[in-house]
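Chains: A, B, C, D and E, in written order; residue numbering restarts at 1 for each.
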Amino acid sequence: MLQVRNLEVVYDDVMLVLRGVSLAVPPGGIVALLGANGAGKTTLLRAISGLLDVHDGAVTKGSVTLDGDPIHRLRPAAVVRRGVCQVMEGRRIFAELTVEENLRIGGHTAHRQIPARLDHVLGLFPVLAQRRRHTAGYLSGGEQQMLAMGRALMAEPRYLLLDEPSLGLAPRLVEQVRELIATINSGGAGVLLVEQNATMALSLATHGYVLETGQVVLDKPAEQLLADDDIREFYLGLGAAAGAGRRSFRDVKHYRRRKRWLS
Amino acid sequence: MSATGRRTRLRGRPLLHTSYASDLALFDTPAKRTSVGALLVLAVGLPFLLPDEVLQLLAVCCVAAIGAVGLGLVTGYAGQVSLGHAFFLAIGAYTAAAISGDPDGRVIGLGVTNILVWLPAAGLLAGLAGVLVAPLATRLRGLYLAIVTLGLVFIGQHVFSEWSALTGGAGVGRPAATLEFFGQPLAATGALGTRDQKLYWLMLLFLLVFALAAANLARSKVGRAFTAIRDRDIAAGVIGVNLARYKTIAFAVSSAYAGCAGALLYTVTGFFDPSSFSLLLSVQYIAMVLIGGAGTISGAIAGAFFITLLPRLTREMQAWVPFLSAQPNEVPNVFQVETILYGVLIIVFLIFEPRGLFGIWVRVRNYWKAWPFSY
Amino acid sequence: RGGDTETDESGLKTDVGVASEPCPEAVDKNKGCIYLGIISDLTEGPFRALAVPITDAQKAFWKRVNTAGGIGDYEVDVTRYIRDNKYNPQTHNQVYQEMKPNVLALAQTLGSPTTAAILADMKASNVVAAPAAWTSAYAFEDVIIESGANYCLESMNALDYAKEAHGVKSVLAVHLAGDYGDDAAAGAKLAAQSLGLTFNAVKTDSGADKQAGAIQAILSGRPDLVVLTMGPADAASIVGQAAARGFAGRFIGTSPTWNPALLQSAAAPALLSRYEQTSPWDSWGTDTPGHQALRAALGGVTPNDGYTSGWVWSYPMKAALTKAVADGDLTRAGLLAAVKSLTSVDYEGMLPSGAGNYAAGPNDGAVRVSAVYRPDRAAPTGVSQVRPLSAGPTAKAYALDGPCYAKL
Amino acid sequence: MTLTEPDPGTGTAPDRRTDPVDTDPDRQGDPVGADPILRFEDVRLHFAGVRAIDGVSFTVGRHELFAIIGPNGSGKTSIFNVLSGVYRPQTGRVVFDGADLVGRRPHVIAALGMARTFQNVELFANLTVLDNLLLGRHHHLGYGTLAALGWLGRARRAEIANRAAVEEIVDFLELERWRRMPVGLLPYGVQKRVELGRALAMEPKLLLLDEPVAGMNLEETEDMARFILDIRDELDIPIVLVEHDMGLVMDLADRVLVVDFGQVVATGNPAEIPHHPDVVRAYLGEVRPR
Amino acid sequence: MTELLESVLRGLGTGSVYALLALGFVIIYKATRVISFAQPAFMLAGAVLVTYLAGPVGFWLAVPVAALLTAGLALGVERVAVRPMVGRPAFVVAIITLGVDVAVRVVVNGFIGLDVRHVGDPWGLRTVAIPGTGVDLQQRHLGALLATTVLIAALFAFFRFTRMGLAMRAAAYDQEAALAQGVSVGAVFALAWGLAGGLAAVAGTFAAAGASVDAGLWLIALTALPVIILGGLDSLPGAVVGGLAVGMIQELAATYQQHAPWLGGNVSVITPYVLMLLVLLVRPYGLFGTREVERV
């Protein structure tokens, strides 16, 4: 169980970005984390994987535990070794390295298994197998996203933290990513999925959280979220009435209903 | 600064600008104007408070600041790291010295002592050299450019020390340009003040003019184009910035500043030799820009004063570190500590305040702005 | 702004750098203090191995003067205003400006290019200085109280000696640029002309990586004699390399080119077999009252002729101060007047009598003697004497009518 | 709504409103018209081993909202890069408003009236929103370096006039709140909007938008859709849109071009494209547009 | 012909010193994207350590011990002055290393004292004749060449066969992303600085062999700057090829400069920079450097 309890994170000693967030990812589960831009989703992932330091951020309160052991004070390498792996927002592949080298780095903490895992990952992503010796920086956006996920899989994580994996992907690829997440998950890994594409995320997840300005405002099983009016209107773009179809972007009004949880 | 538009400003609402002109003014708030004004009054009044020897050093600071502002334009604003500043300083210094030099002296001299001739000439020639170097900048990036410009310094040093007809040669040197204005010496002890007092005022005046021009440039389309090139050059090109042209402008202006600074710098001591234009000099200027805070004019000026005064300060510190020996044959002695301090202060500064002196200022200001509600 | 003339109880006029309070390290607390500045190459520059002993010796020298009763009612302090010039003219000028309001004169200004950077100001403000350099131009400057034969005359003596002792027919001068190296090379050139030797000169720079050109010039020119004017490390690398690559001629180094540590270098065999060294005065171990006093004052140090030089260079300043006090005018102008009227300086036997005649003008006042040494592991400073202080025919005949370096 | 002030810098700013909007041909009928703003003719762009663009041709009409879709790596961004002069194609012609673009440098193309946004935000993060927008107007400022150093009349007047022009864009895109903030600190959605503003500030004759709503939440997407429509309808600037959000593309576009492996798969109107079998296979997969 | 061959061999001798120095620069650059201007100080420190150690323990033991100690010194400097700057602009860090260089050199100069010191190498200025050619080769140059070959082989094997090499490059390109893959960026930095320090010490020893150690020795290290640019900032083979090439061309320039006296004495000092400029005009990333990936 990957558990976040009452977490507070501060950037630059001043900016309080997470204000007591609690959340749990059960082993083998998929948990979706929704929320507007700037809500603090990425920050939460950083707090789990130990990358806050790089951004002058610090956990000031609360804890992150993995099977009961606190991990929020560990170095990133130690977190990875314990089986928690983050795929960062914006892909962050090593542009100057080749595709294969990128993947090898992913296996840094368990280098003996690299050859076997390389085969496994290249099997999952045939596109990458084709481009194995190409410079990663010249891949298209979607290809880079696959590489980033493949790279994380090299460490064979128990918990995978995905930060907006569908960003910039073509519909068919979004579908592929969806399936991939399902496959990874069925292999036993727990997934914490941060997404703007709520449709995709909620179709996968067992449980969902909605984060707004550093606080969890909704926390429900996925089916219930799919039925929630606000979620339907603000995240899925559907009419408020259950079963109503998608509204056209041509018809978007210039005024908006206020979100209930903010009022 | 603009006069129009300022009158339309509403009293008591410092941040409310009722015209774009006042919004675009250099010192756009009363607080800024007051503090700059006060600083100016103090600067102009210093000669009545300080001994000549310190004024002379401050005159050097002012000139160094001109050079640093120039380097700040190319490195801080346009992001083209140049370690070749010493080379451009040298071109200015030698142009000016040769034009105003004694025609019958040991070294080349044309005998045109009017500052109105040699100062623009120094700027122009150095600027031209900058234009010649600019194509390198369009081909090279980052540290490649830095080391290549460093190559200029070494090649320049070789040429300058070989060309003794112009420079006097290594270990000899030559007199610097003559500070004269239509036959009138600009700095000579007289009824109005000592040589050093006048020297300081003169250099302060030059600094003000050059800094103002640089500030203007920075807030103009040219300055914005520089920043764009620094931050994202491809995007800059796509929105219409001609990369080659603006890199050339950046090098030209920066070198011209360096040229003028070089021309003036040695008039203070009156003498210079080719070994001055070494890697160390370039590094000092880079340090001025970084310590002051890259990308700000005032930062470059502050950095120049800091770096120029630093050796003096560390020498003064001899008195405060009693356990050190003043005997040059004992270890550690004050002379070693003086140099170590120089290195260490640079390190400490950059580690603890990477945004430079300017960053410290911002912190202080923000503190007072937020007071008493800090945090 | 400072420098107002005052008169003390004894009627002595003073202005800058003379205080009625005792020196910081006064021997006699009842005496006033004359502050002299020292600007030397103390940490990074190429001559620091020489500069530090020079400075030490000067401190010892003035301490001895103070212990012996000082100068009139004053003692002399050279410890308060010691500054490092890093052998850089700009730095030199800056520290000079810094100490100028506080010192009467300079007990040491080290280096030719560095001193050139302050010379104009010194002349304008009547600041007298003992140099730590032997450029021939100093003979023409009233404010500089030089000692010993200049570089130019010294290399003339070197050639006179080499022709006589080794029968050399061709000479190559390898020298640093500047008033130091050029001066020596010019002397060699003038001497070669008058002795009928073939002469060539090649300029080099300071630094272990910068001798390749000079070595090549030696190897392709194959002269009988190479005259070296540069720092010790450079000299060692040239001698060693040239020998290793088959050069069979001889070397003479002029003044500050020697350092005893060279005998441990890879070049030692070559140095021992074909290197000699000229010097404007005798080395550390010599038996004169001056040398004895030097050794007594600096007991315990590793012998080095930097000490000797620092010591010798101080005598004229002592003579000038004494004279100025005797004349009742210890102002800067008074001191300069005293210098101009000095007809001899008591070097306690370290230089021949008659040396230090500043009143006589450049040519007549010039000291023209040099000694010749050769490397010797047994000697205290690594050299033993081959020929005592003497002036060769060329140097004797030469009319010093301007700085030599102009004639290269 | 006017975006163009008489330009004191140049005085000769091309005025695209000489084109009477009223003579608009029927959009459904002939979207391209006799005089298209852009002709992309048989362009090929190869990188060592990769055929990014492999013989693509299309035209864009003077009032069109033209969308390009295709799988990741199919060459959409590369097409934009060719259009804006970042890449130089090996063969083919690109004619923009009568001028051949191939071989011209980016700033020249920009001055011709081509503006774009980028897939990954390419703003100048340390500059404020205003400065970023002002940079978009770079080539509308006609004064030189010397005038800038002196901040003399010409430079000053030009800067003031351009500030006014930029404020129009601030209004148009509802950026007032953030005008003086460095863009690096702004929420992602706002940054995307600033980038759009910077492109608009160039007063383009053609606007290229590379995935304008990628990474945005629904709300921000709706805002962006509104702005895109306004630009097309109110400012009458033709647009080429690259986007993976099928909902947006199908709702807004007049025509859609589908590319795969650098080649054209299909062209058509939004009603027919989603049902084209090749498009479904190559691009949409089994998901229906959201 | 003999002259030509001899100068080429001498050039290879000094060139291998440059190559060792350049390797240090490149390793640090690859790991941290920073040019460490502290290398000259480490080179001097290494050489000075050898001068102290050679007496008591002998030259052959002194060199590895000095290399280790210098590596330790470099590690310390990295920890204190460079690590806090992780993530800051490379150029600021470069200037910090300059500060380090100034400070370390003053301390080291204190240990040189006033006299020149000697590394006590076994070669001196002795030469070996290459049989049948009449060409003399200085033993110290041969030694430098051999030592460099051995060290380079070891280094390449290290980077080829351990995952550290890849981790270093990854950390260089994107520290945060590397951290997220479990790479300990701190260890990578430390390793890079340590290696560079050790290499600099060996380079310093060979630079001083047959000559002497004085405060000016550090200047030799500056020649490694054009070398790395020539070879490509991030290319280890580039450093080696560049080093040897620069050494050779410098030596050739010195040998034949008398035919072009108008170039002034000691053109060999600036030939590396001229060569660098010429190469860069044709290849902006040096001979072997990696082109920076730029996409929009």
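Keep this in mind: a contact is a pair of C-beta atoms (placed from the backbone, for glycine too) under 8 Å apart; a residue touches a chain by one contact, two chains touch by 3 or more.
Just so we're clear, the structure is a prediction, and the values are computed from it rather than from any experiment.
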### Query
Chains in contact with subunit A and with subunit B: which ones?
D, E
### Graph distance between subunit B and subunit D, where chains that touch are linked
1
#### Entry: Furthest chain, CA centroid comparison against subunit D
C
### B-C compared against D-E, more contacting pairs
B-C
### Maximum centroid distance from subunit A, chain identifier (CA atoms)
C
### Query
Which one chain sits nearest the middle, judging by mean Cα positions?
B
### Query
Between subunit A and subunit E, what is the separation of their C-alpha centroids in Å?
45
### Message
Can you compute the centre-to-centre distance for subunit C and subunit E, using the mean CA position of each chain? Integer Å is fine.
### Response
38
### Query
If you average the CA atoms of subunit A and of subunit D, how far apart do the two points sit, in angstrom?
30
## Note on the structure
Chain centres from averaged Cα atoms put subunit A and subunit C apart, in whole Å, by 76
## Note on the structure
Flagged in subunit B as touching 2+ other chains are 161, 234-235, 238, 329, 336, 339
### Message
Two-or-more-chain contact residues of subunit D, please, as numbers and ranges.
### Response
77, 86, 118-120, 122
#### Entry: Per-residue overlap in subunit A, given as positions that touch at least 2 other chains
138
#### Entry: Pairs of chains satisfying the touch condition
A-D, A-E, B-C, B-D, B-E, C-E, D-E
#### Entry: In the complex with subunit E, residue positions of subunit A that touch it
49-51, 54, 75-77, 79-81, 85-86, 88, 92-97, 101, 104-106, 108-109, 111, 135, 137-138, 151, 155
### Message
List the residues on subunit E that touch subunit C in their complex, please.
### Response
6, 106, 109, 114-118, 121, 123-127, 136, 138, 207-212, 214-217, 219-220, 223, 250-251, 254-255, 257-258, 265-269
### Query
Which of the residues in subunit D end up touching subunit A in this complex?
47, 49-50, 69-74, 77, 119-120, 187-189, 211, 214-222, 225-226, 229, 244, 246-248, 251-252, 282-287, 289-290
### Summary
Given the complex, residues on subunit A that touch subunit D span 36-38, 90, 127, 134, 138-143, 145, 164, 167-176, 196, 198-199, 234-237, 246, 248-250, 252, 254, 256
### Query
Which positions of subunit B touch subunit E when the two form their complex?
81, 136, 139-144, 146-148, 150-151, 154-155, 158-159, 161-162, 234-235, 238, 279, 283, 286-287, 290, 329, 331-332, 336, 339-340, 342-347, 350-351, 354
